[in-house]
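First chain written, first letter: the chains are A, B and C, and each begins at residue 1.
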Amino acid sequence: MSNGKGMPLSNKIYMALGFFFLYAPIVSLVIYSFNESRLVTVWGGFSLKWYQALFNDSALLASASLSFKIAFLSATLAVVLGTIAGLVLARFGRFRGLSLFAGMTTAPMVMPEVIVGLSMLLLFVALQSALGCGEESAGLLARIGCWAFGERGMVTIWIGHTTLCMAYVSVLVQSRLKEIDQSLEDAAMDLGCPPFKMFFVITVPVISQALVAGWMLSFTLSLDDYVLTAFLSGPGSTTMPQWIFSSIRLGLTPEINALATIVIAMVTVFVVVSNRLMLSAQAKRDKAMQMAVAGKAG
Amino acid sequence: MMAKLRARFLPKGRTMVIGIPYLWLLFFFMLPFFFVLKISFAQPDIAQPPYQPLVKHEDNKLTVQLDTTKYKTLSDEIDGFIEKPWAQAKEESQYVVAYWNALKLAFFTTLFTLLIGYPIAYNIARADEASRNTLLMLVMIPFWTSFLLRVYAWIGILKDNGVLNNILMAMGVIHEPVQMLYTPFSVLLGMVYNYLPFMILPLYAHLVKLDGRLFEAAADLGAKPWTIFFSITLPLSKAGMIAGSMMVFIPAVGEYVIPALLGGGEVVFIGNKLMDDFGANLDWPQASAVAVIMLLLLLAPIVWFHRFEMKQREAEQ
Amino acid sequence: MVTVEAKQGNLALKDQNYLEIKGITKKFGDFYAVDDVDLVIPKNEIFALLGSSGSGKSTLLRILAGMETATEGSILLDGENILDLPPYRRPTNMMFQSYALFPHMTVEDNVAFGLKQDKVPKGEIAERVGKLLDLVQMRKLARRKPHQLSGGQQQRVALARSLAKRPKLLLLDEPLGALDKKLRMETQLELVNVIETVGVTCIMVTHDQEEAMTMASRIAIMSEGKLKQVGTPREIYEFPNCRFTAEFIGTTNTFEGKMVVDEVDHCVIESAELPRGIYVGHGITGPRGMTVWYTIRPEDVTLSYTRPTGEHNWSEGRVQEIAYLGSHSVYHVKLPSGRLIIASVPSSHWAGQKPATWGDDIIVQLSNTEGVVLTS
C-alpha cells in the first residue's frame, strides 16, 4: 500500500504525538528507576540503589524465577501446539469441525481473561475431585494426575498460559505458511519425501522465524500475565506479575521502576531480534527469490 | 479461479495431527465453560472447594440440585429497575450497574482506540518498506512490555503529586493538583493506552494488503484526497476495523486490572465484581453466574467476529 | 518455426504405450476440471498440453504427479497403475513453475534431495549429482543457495533436481513462463537438448503456442477440460479438426458457409461473406446444403492488382490496416461484405511493383489447396 512518497508533515506530527503517548509512561519508568529520591516529584540525583534493592528482595527474585520458568515452559509447549494448529488451519483444507476448531484456536486471544481463568480453575477443581486427590484410595494414574493438577500451582499455570499463547503462535504460523511457496512442499513429496518427514525437513526450516517469533511472543505474554495466573496459582506459587500487582496495591517501593527498566530492556532486545527475523531477513530472501524467478536478476 | 479449486493431496494420519491441538483445546478451553455453567447453579459452602456438589448420591438415590439463587440476584436487580425509581434502583444494584459500566467502558475504549489508532496504522501501512519495519517495532515494544508496569507508570504520572500535575503547576496552568487518578478518566486512559496496539496491529495487517494503485487510480480520475479516503480507503478498511474493534471490545468488557489499579473503586466494573465474588467473598457460584451472563452478553460479538473471520478465510482461499 | 520431429524409430509395443491415460476425469462438485481425457504417449516422447488458463492442463499434470486425485479413470505408466500410489512413491518427477528450490539448502543438496530419500549410498549420490550439474552447467555454483542465483540458473537447478532420480515420467509445469522472450528461445532448445540427452518421457504444460510447437513432438490442445486435438505441430497447424483449434493456433481466417457442390474430388462452398464461391480440391462427407466453416491461414492468402480468370477463391477488397514486420507484412483487407480478411504477404512479393498501401483497392486470392473445411 506504500505510495513511496513519504509522509506529509501533518501526518508526521500525528505519528510523533502518538508515539509520545505510547512511550511517555515507559520513559518515565526508566528515568525514575535511576532517581535517588523515593518521590516521583523530586529528582534526587542519579542512583542505582533501587536496582540494588531489587536484587536483595528475595520474594521478588523467587517470583521472578518462577515466572521465567513458567514462561519458558509455556512458550515451548505453545509453539508446539500452536504450530500444529496453524498448520492444520493453513494447509488441511476443509474438514468436519473446522469451524469449531478455527474458533477455539482464536478465542483465547479475544475472550476476557477473567472468564477463561475462572473456567479453567473450575475444570482443575473438578479434576481434583474426580481423581480423588487427597484420598487414600487413589490409583497410580490418579496419583500422577493429582501430582500434576492436584494443587493449583506451576502445572496449572503452565497449562493456562500455553492455551492462551498457542492462539498467538497459530496466527503467526498461519500467516507465514500462507506466504511461502506451497510448491516447496509439493516438490519435496514429488521427490520421494513422505509427508511427516517433509514437514520437519522442509516446512519447519522455511517457517522457522515464525516459530522463533512465536516463542518469544509467548514468553513475554506468559511472563506478563496476571489475571489468568491469579485464578490458576496456589499458595506456593507467586509469579512476578502477582508480586508487582500487590506491590502496586500496597503503594510500596520504587524498586518496581528498576524492574520495569530491566524488563523494558529485555523486551526491546526481543522485539528487535524478532522483528529482524519475521520481517527483514527472510523477506529479503523471499524477495530475492521472487525477483530472480521474474528473470530480473538473470 | 484454479487456486480456489485446488484439492490437494492430503496424507493419511491427518486426523491424528488435527486431533492433538483439537483435543487440547476441547479439554482445556471448551470443557471449562460447562463447568462454569454447572457451578453457577451451585450453592456456596465453607469447604474446599467452596461450593456444594450438585449431584448427590445418598441412600442409593441420585439427586441433582440446581440452585438458581445466583441468577435470581441478577434478575431481581433487573426487576428493581422496572419497579423502583431509577436512582434508587441504581443505588441498590450491584451487578446490573457493573455490567452497564463495563459495556460503556468497552465501547468508549473501542471508539477511542479506533480513532487514535486508525491514523497510526494507516500511516505505517503507507510508509515505505524501511520505515514501516521500524515503526512496527516501535508499536510492538510497548505491546510486549509488561502492561502492569505500564499501568504503574500512569499512576506515577497521574497522581496528585505526580509528573503531570507537577508540570502543570510549574507552568502555572493550575495552582492546586487536579485529581486525575482514580477517576473514570484515568480508567479510560489506561484502557485506551493498553488496548491501542490490539487495534493498531490487526488494522495495519489489513491496511497493508490494500493495493496502493487503487488510490493512484482514483486521484488520476480527479478525486480529491478526502474523497478518496471516504469513498475508497474507509470502505476497504472495514475488515481491518472490525478485526481490531473486536479484539478490543470483547476482552475490554471483562477487564479487571486497569479499573482495579487506576479506578479507585468508585465506579464498579463487572470484571472487578467477578474477582470480588471469587476471591474476596469466596462465592464461586456467584462468580460463575456473573461469568455466564457476561458470556451471553458477549455471545453476539463473538459469534459475529467468528463468522467474519471464517468469511475472510473463504475469501482468501 | 523450428519443429522438432518425433524420433520414433522402432519401438516395442509396450514402449509405444508407455504412458496410458484412460478416461481421467476430475470433478469439483458439478464442475469438470478435466473431462474424460484419453492419451497414449510412447517412451521418450516430449509431449505438450497446450491451452489457456482454466483449460484443465495444469490439473491433469498435477493428477499425473499425484498432487491431485482423479475422480475417475486410470493411468498406466510402464504397465503400473500409478493412481494407486501417493506422490512420494510415484516414478514421476516434476519441475515446478516457481522452481520451488529449497531455500535453506545449497544447489547440491537440492539436487541430491530426491536421491537421499531413496537412501542411495553417499558416494553414488555425489557422483550422480556431479554429472547432472555438469549437464546443466551449474557445477561451479554447487555450493550456492537459491536466492544467490539468477532466474535462469535456478531453472537449471530445478531441471537437474527433477532428473536426478531418473524418473519414468518428467512433468514440466510452464517451464519457461518466468523468463523473458529472448532468454526463452535459447532455453527452449537447451531444455530439449538436456531431456533428449538424458532420455526421458516428458509431458509439459504451457499456454504458449510457440513453446509447445518448438519443444514438443506432439501436442494436445485442451479446452474446458477436454482434449480438442492431438497431433504433431504440423498436423495441428495445417489440419485443425475444429474451429477452436484453428483459431487457437496462430491466426486464421474462418468463413461460415453452405456446401453447394459436393463431388468426390472437389466441393464448392458459398458464403455470405465472400462474393464468389470457395473451391476446395477434395471431397467432404456430408449432405449438400450442410453448414461448414472454411478456414485459411494468412500466409495462404495472396494480394494482387490483376483480376484472376477463375470464378472461385478470389474477391475484391480495400486495404484497411498494414503491419510492416520486415520480412513480411500483415494486411487487413475489407471485403465487399464488410468482413475483414487477414493476409500475410512476404516483402519479396511486391518485387517491381508498388506495395499495396492503406485505402488501395486490391484483389484477394485464396489458395486452392491450403484451406481446411471444418464441420465443428
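By our rule, a residue touches a chain if its C-beta (ideal position, glycine included) is under 8 Å from a C-beta of that chain, and two chains touch if they have at least 3 such contacts.
Values in this document were obtained by computation on a predicted structure and should not be read as measured data.
Asker: Where's the contact count highest, between which chains?
Answerer: Result: the chain pair A-B has the most contacts.
Asker: Of all the chains, which has the CA centre nearest the overall CA centre?
Answerer: Answer for the innermost chain: A.
Asker: With centres defined as the mean C-alpha position, give me the chain B-chain C separation in Å.
Answerer: 59
Asker: Counting in whole Å, what is the centre-to-centre distance of chain A and chain B, each centre being its mean C-alpha position?
Answerer: The computed centroid separation for chain A versus chain B comes out at 18 Å.
Asker: Using CA atom averages as chain centres, what separation in Å is found between chain A and chain C?
Answerer: Here chain A and chain C have centroids separated by 54 Å.
Asker: Could you check chain C for residues that touch two or more other chains and list them?
Answerer: 66-67, 86-87, in rising order.
Asker: For chain B, which residues are shared contacts with two or more other chains?
Answerer: Those would be 7-9, 11.
Asker: For chain A, jot down the residues that touch at least 2 other chains.
Answerer: Residues 189, 194-195 of chain A touch two or more partner chains.
Asker: Show me the residue ranges of chain A that touch chain B in the complex, using the header's touch definition.
Answerer: 1-4, 6-7, 11, 14-15, 18-19, 21-26, 28-29, 32, 39-41, 81-82, 84-85, 87-88, 91-93, 95, 97, 99, 101-116, 118-120, 122-123, 125-126, 129, 159-160, 163, 166, 170, 178, 189, 194-196, 217, 220, 223-224, 226-227, 230-231, 241, 244-245, 248-249, 256, 259-260, 263-264, 267-268, 270-272, 275, 279-280
Asker: Which part of chain C faces chain A closely enough to touch in the complex?
Answerer: 65-67, 86-89, 92-94, 96-100, 102-104, 113-114, 117-118, 146-154, 161, 164-165, 178-180, 183
Asker: Show me the residue ranges of chain B that touch chain A in the complex, using the header's touch definition.
Answerer: Residues 7-11, 13-14, 17-18, 20-22, 24-26, 28-33, 35-36, 38-39, 49, 116, 119-120, 123, 125-129, 132-133, 135-142, 144-157, 159, 161-163, 166, 193, 196, 207-212, 215-216, 246-247, 250-257, 260-261, 271, 274-275, 278-279, 284, 287-288, 291, 294-295, 298, 302, 305-306, 309-310, 313, 316 of chain B touch chain A in their complex.
Asker: For the complex, which residues does chain A have touching chain C?
Answerer: 181, 183-184, 186-195, 198, 202, 205-206, 285, 288-289, 292-298
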